[in-house]
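Take a look at the structures below.
Two complexes follow with subunit A in common, the first pairing it with subunit B and the second with subunit C.
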Partner chain A sequence: MTYFGVAYLFMFLPLTLIAYSIVPQKHRWKVLLLASYAFFWSISKKLIVYVIGSTFLIHYIGIWLELLQNERNGILKEAEKEQKKKIRAEYLKKQRRVLTFGVLVNIGILLVVKYIGFIGGNVNSLLQTLKIPFKLQIPKILMPIGISFYTLQAVSYLVDIYHEKIKADKNIARLSLYLTFFPQIMEGPICRYSETAMQLWEGNKITYANLKSGLLRISYGMIKKMIIADRLNRFIGEIYRNYAKYDGGIMVAGMVLYTLQLYMDFSGTMDMVIGTSEIFGIKLPENFKQPFFSKNISEFWTRWHITLGAFFRDYIFYPLSLSEPLKKLTTNARKKIGKYYGPLIASAIALFCVWFCNGLWHGAAWTFIFFGMYHFVLILSGKIFEPAVLWISAKLHINREKAWYKGLQIIKTTLLVFVGELFFRATTVTSGFEMLGKMFTNFSLNSFKDGTILKLGMDVQDFIIIAIFTILVFVISIMHEKDISVREKISKKNIVIRWTIYYLIIFAILLFGAYGINYEAVQPMYANF
Partner chain B sequence: MKRTIKCIVFVGIFFIILALLSKIFVPKNNTLEAGIGKRKQLVTGIYTEPENTIDVIVLGDSESYNSYIPLELWNQYGFTSYVCGTPAQRISNSYYYLNVAFKRQKPKIVILEANALYTKNGYVRHLKEYVDKYFPVLEFHDRWKNLTKEDFYKTPEYTEIVNDKGYRFSTKTNKVKKSKRDNFMKENEVSKKVPSDNIKHLKEIKDLCKKNDAKFMLYNSPSPANWNYDKHNGIEKIAKKLGIEYIDLNLKVDELKINWKKDCQEKRGEHLNYTGALKVTSYLGEYLKNNNDLPDHREDKSFEAWNEAYNNFQKEIEESKKADV
Partner chain C sequence: MERLIEILEEIEDGVDYENCTTLIDEHYLDSLAIISLVAELEDEFDIVIPTVEIIPDNFNSAKAMWEMITRLQEEG
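And then the complex of A and B:
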């Protein structure tokens, strides 16, 4: 079952909605939890034990952390002033041990399930290169759906309790729902306990306004995913599989259109996820905010897969930057190389860790690690050269607030993103470089002139449809960037215009969607990460 | 109340538009030019074959149209067959197509590829069948690319005779994994139960054949991915109980000389390719000829079209060989 399949859209979701509406409010969470477990089971079957195991683990670790905090508070009340610091430190140590245990077990499971093949494969290659006649037997472990997403949610829950931002939840059912809520289990957004747990539990009524608004958001997601992303699938697959056969012009097309496919696929799925939750009266955090209007790579990552970036920022970047060794490093470096570059060294170390994890999180392959490192280098060099750029701009009297300058920044950022995504999709890092190389050494427009481009799985009509709907998404993105709510605008029109728009959307999806026997069904792309 | 009425009107208009679009998008003939699609076209020939010219009707899922070659049997034995198999055909569909066939044909033998007997008819599948039947625009939605003026006013009428008589020619070859093919028919006593709904439809098919004076039998094409001894036992049990003849070619892979490196389309061994199908067809042909009174029309002038079809089929094979080189 996937979010864009018939079984989900016409059976699972409507039945869940009906069951949710007819049961009394206090039991609605049960419907959501049951539906979530059923959804998980339909995809991963017995592997559901992983998520159940994680739920139990974080439930008890959370309670343990809170017990330690309560115990400490009790002792602090009675304690003398001079003893308080010591008690605090002692309990912090205890809590840290418990937290480390909880996080390591959770992350450990993810590491084993997701990376054992990759690590074992690399070890075997190394042994072979060194001519050591020994080969590791790599067990094949099946990966439960959404493990990369719910593990991060589990970790954030424990860390937030440790930092006393939230209280441990004594209700394991609520915690379980927080981890497995079916619309978000496959691809996120990666939510914090404080954002969603209570909302999921409340069992808000399904209102007519929410239903309409949620369905509109879902249909926007379907346009992105089914009309644009899935239509591109065959074309992109052919280019990345057989890139050696084609010239640099095709490589450029493959690079640009893959980025388009990934964006439409992932953000379209997010529209589906957030729209579905909206129907239940649940507000999930946004995961995209018009990323292609970013002026630099740092900004891009605050607009693309926002919740992942925020997770790494809050749970890796800040804790590392504020750790004692890095704080010391900053103090020393500040004295030696100044106020700007001094703190940058510690930031660079933390940033390196963030991007290494980010790359690896996407999958067990060198292409993903390269993808992470590529962004690390771009962001770090952006910071290193910032004073120089500001100085040059001032010398040349360039007004950085002018539209043309911003436009150039957006184009530069987009080009850098294209290259990153090329490596993200490439089968190996080497093939990524070969593809990139072809754009410079073997560039030609011949494939466009002689019709080769139309023999890779898409015809002229396909290109036209993709162009039309990409323009539509672009226009809507501009409106969103200007804080105009398109859905609100539609809802204010009279019934004839409103209904015409609804029918146009529905029939555009039904007629131009890439589904049925002429297309391969494409799983949401981030579900594999 | 007002809102409920509005919803009903909205949904009503939706279905009206869907029905209107269906009229436009449904292919107006069973030709590839009319947009019927290669796979869908296979079965449509049963509507266009001249009346009372087919001797054997074959039913079933993809196992049927990937293993039984009517034109090869024509060439070797002179009797005519048509494969009314469709992808993932449910036994209820088999019954439907048999009814279609009996309307214009008087076959002497009806054969069902028994893999379909283990396929359950799920809700989603039911829904899909219903939708495909009443709103074909969804199945043929891609036809927006080549709609013609005629699509807006013509009603569908099938006229094309399908050359390969329902067989799906494929030279795709993959070596079947050792783990899949080794011991896939290891003898045991376990018998996999055939769903009761399917048994009901099987009986209906049997009765329909009896009513139309056709012999009914079952066969299984070799398929390590889809078959095992438990299923064999299950079908054998039902066949015995209902008095239906049954040959399981999975038990005869050595006799047939099936080469798992060359005769299958997929690594898992789901379907035979042309060379594999040829072996199954030759075996079935001999079996059918020896055990039944089947006519030989090869010298009959009114069956000249079959010779032409056979020649076209040979050309298709030659062309695919050239393409492979």
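And then the complex of A and C:
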């Protein structure tokens, strides 16, 4: 079952909505929890045991952390002033041990399930290269759906308790619902306990306004995913599989259109997820904010997969760069190399860890690690050269606030994103470089003139449909960038115009959606990460 | 407060720090700028800013930063 499949859209979701609305408010969380477990079971079957087991563990660790905090507070009340510091340090140490255990177990399971094949494969290659006659037997382990998203939510929950931002949830059912809520378990957004747990528990009524608004958001997601992303699937697959057969012109098309496909697939799924939650009266955090209007790569990552970036920022970047050793490094470096470059050294170390984890989180392959390192280098060099760029701009009297300058920055950022996504999709890092190389050494428009481009899985009609709907998404993105809510605008129109728009959307999805015998069924692209 | 504004201007120029209340939300200060800022604030005001304090609410405006600084100074 996937979010865009018939079983989900016409059976699972409507039945859940009906059950949710007919039961009394205090029991609605049970419908959501049951639906979430049913959804998980429909995809990962017996691996549901993993979710149940790890929920018990996370619940227990959370309570353990809070018990230590309560114990500490009790002792502090009775303690003399000079003893307090020592008591705090002692309990911090105890808490840290418990937290480390909880985090390591969760991350450990993720590492084993997701990376054992990758690590084992690389060890075997190394043994072969060194001519050592030994081969590791790599066990085949099934991966539960959404484990990468689920694990990060679990880690954020435990760390937030440790930092006393939230209290441990004594109610295991509520914690379980927060961890497994069915619309988000497959692809996120990665939510914090403080953002969603209580909303999920409240059992808000399904209102007409929420239903209308949620369905519109879902249909926008369907346009992105089913009309644009899925239509591109065969074309992209052919280019990346058999790139050696084609010239540089086709490589450029493959690179640009893959980025388009990934954006439409992932952001379209997010529209589906957030729209579904909206119907239940639950507000999930946004995961995209018009990323292709970013003026640099740092900004891009605050607009693309926002909740993942925020997770790495809050749980890796800040704790690392503000840890005692790196703080000392910053203090010393500031004295020696100045206020700008001094803090940059500690930031660079933390940034390296963030991007290594980011790459690896996306998948167990060198292409993903390369993808992470590519962004690390871009962001760091952007910071290193920033003073020089500012100096040159000032000397040349360039007004960086002018539209033309911002436009150039956006184009530069978009080109850099294209290259990053090329490696992200490439079968190996080497093939990524070969594809990129072809754009410079073997560039030609012949494939466009002689019709080769139309033999790769998409015909003229496909290209026209993709172009029209991409323009539509682009126009809507501009409106969103200007803080104009398209859904609000539609809801204010009179009934005739409103329903004409609704019917147009339905017919567009039915007529132009890439489903049926001519198209391959496409799994959501981020579901495997 | 004046010194705080000066520090902010040294880190990222051209922002209306007196009135802006969305320094983090609107990306005027990115995470690298926050690291520089934390180092500078700890030095200048003789405080220790723990990771748990690095939240948008504490850094979205100069006023919020000032309140955090005063609070941390009082807590010693």
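What we mean here is this: the second predicted complex is superposed on the first by the 529 of 529 C-alpha atoms of A that agree within 3 Å, B and C clash if a C-alpha of one lies under 4 Å from a C-alpha of the other, contacts with A are read in each partner's own complex, and residues count from 1 in each chain.
We adopt the following convention: a residue touches a chain if its C-beta (ideal position, glycine included) is under 8 Å from a C-beta of that chain, and two chains touch if they have at least 3 such contacts.
Bear in mind that the values here come from a model prediction, so they are computed numbers and not experimental data.
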Clash or fit, subunit B versus subunit C on superposed subunit A: fit
Subunit B versus subunit C as contact partner of A:452, first or second or both or neither: neither
Partner chain in contact with A:383 - subunit B first, subunit C second, else both or neither: second
Per-residue contact with subunit A, leading partner among subunit C and subunit B: C
Subunit B versus subunit C as contact partner of A:507, first or second or both or neither: first
First, second, both or neither for A:331, with subunit B first and subunit C second: second
Subunit B, subunit C and vertex subunit A (Cα centres) - angle in steps of 10°: 170
Superposition-derived minimum Cα distance between subunit C and subunit B (Å): 40
Overlapping contact positions on subunit A, where the subunit C interface meets the subunit B interface: none
Residue ranges of subunit A in contact with subunit C within the complex: 163-165, 298-299, 302, 313-314, 317-319, 321-322, 327, 330-331, 334, 339-340, 342-344, 346-347, 350-351, 383
For the subunit B and subunit A complex, residues of the former touching the latter: 3, 10, 13-14, 17-18, 21, 37, 39-40, 123-124, 127-128, 137-139, 141-142, 144-145
Contact footprint of subunit A on subunit C as seen in their complex: 10, 27, 30-32, 34-36, 38-40, 42-43, 49-52, 54
Touching residues on subunit A, where the partner in the complex is subunit B: 6-7, 10-11, 208, 459, 461, 499, 502-503, 506-507, 510-513, 515-518
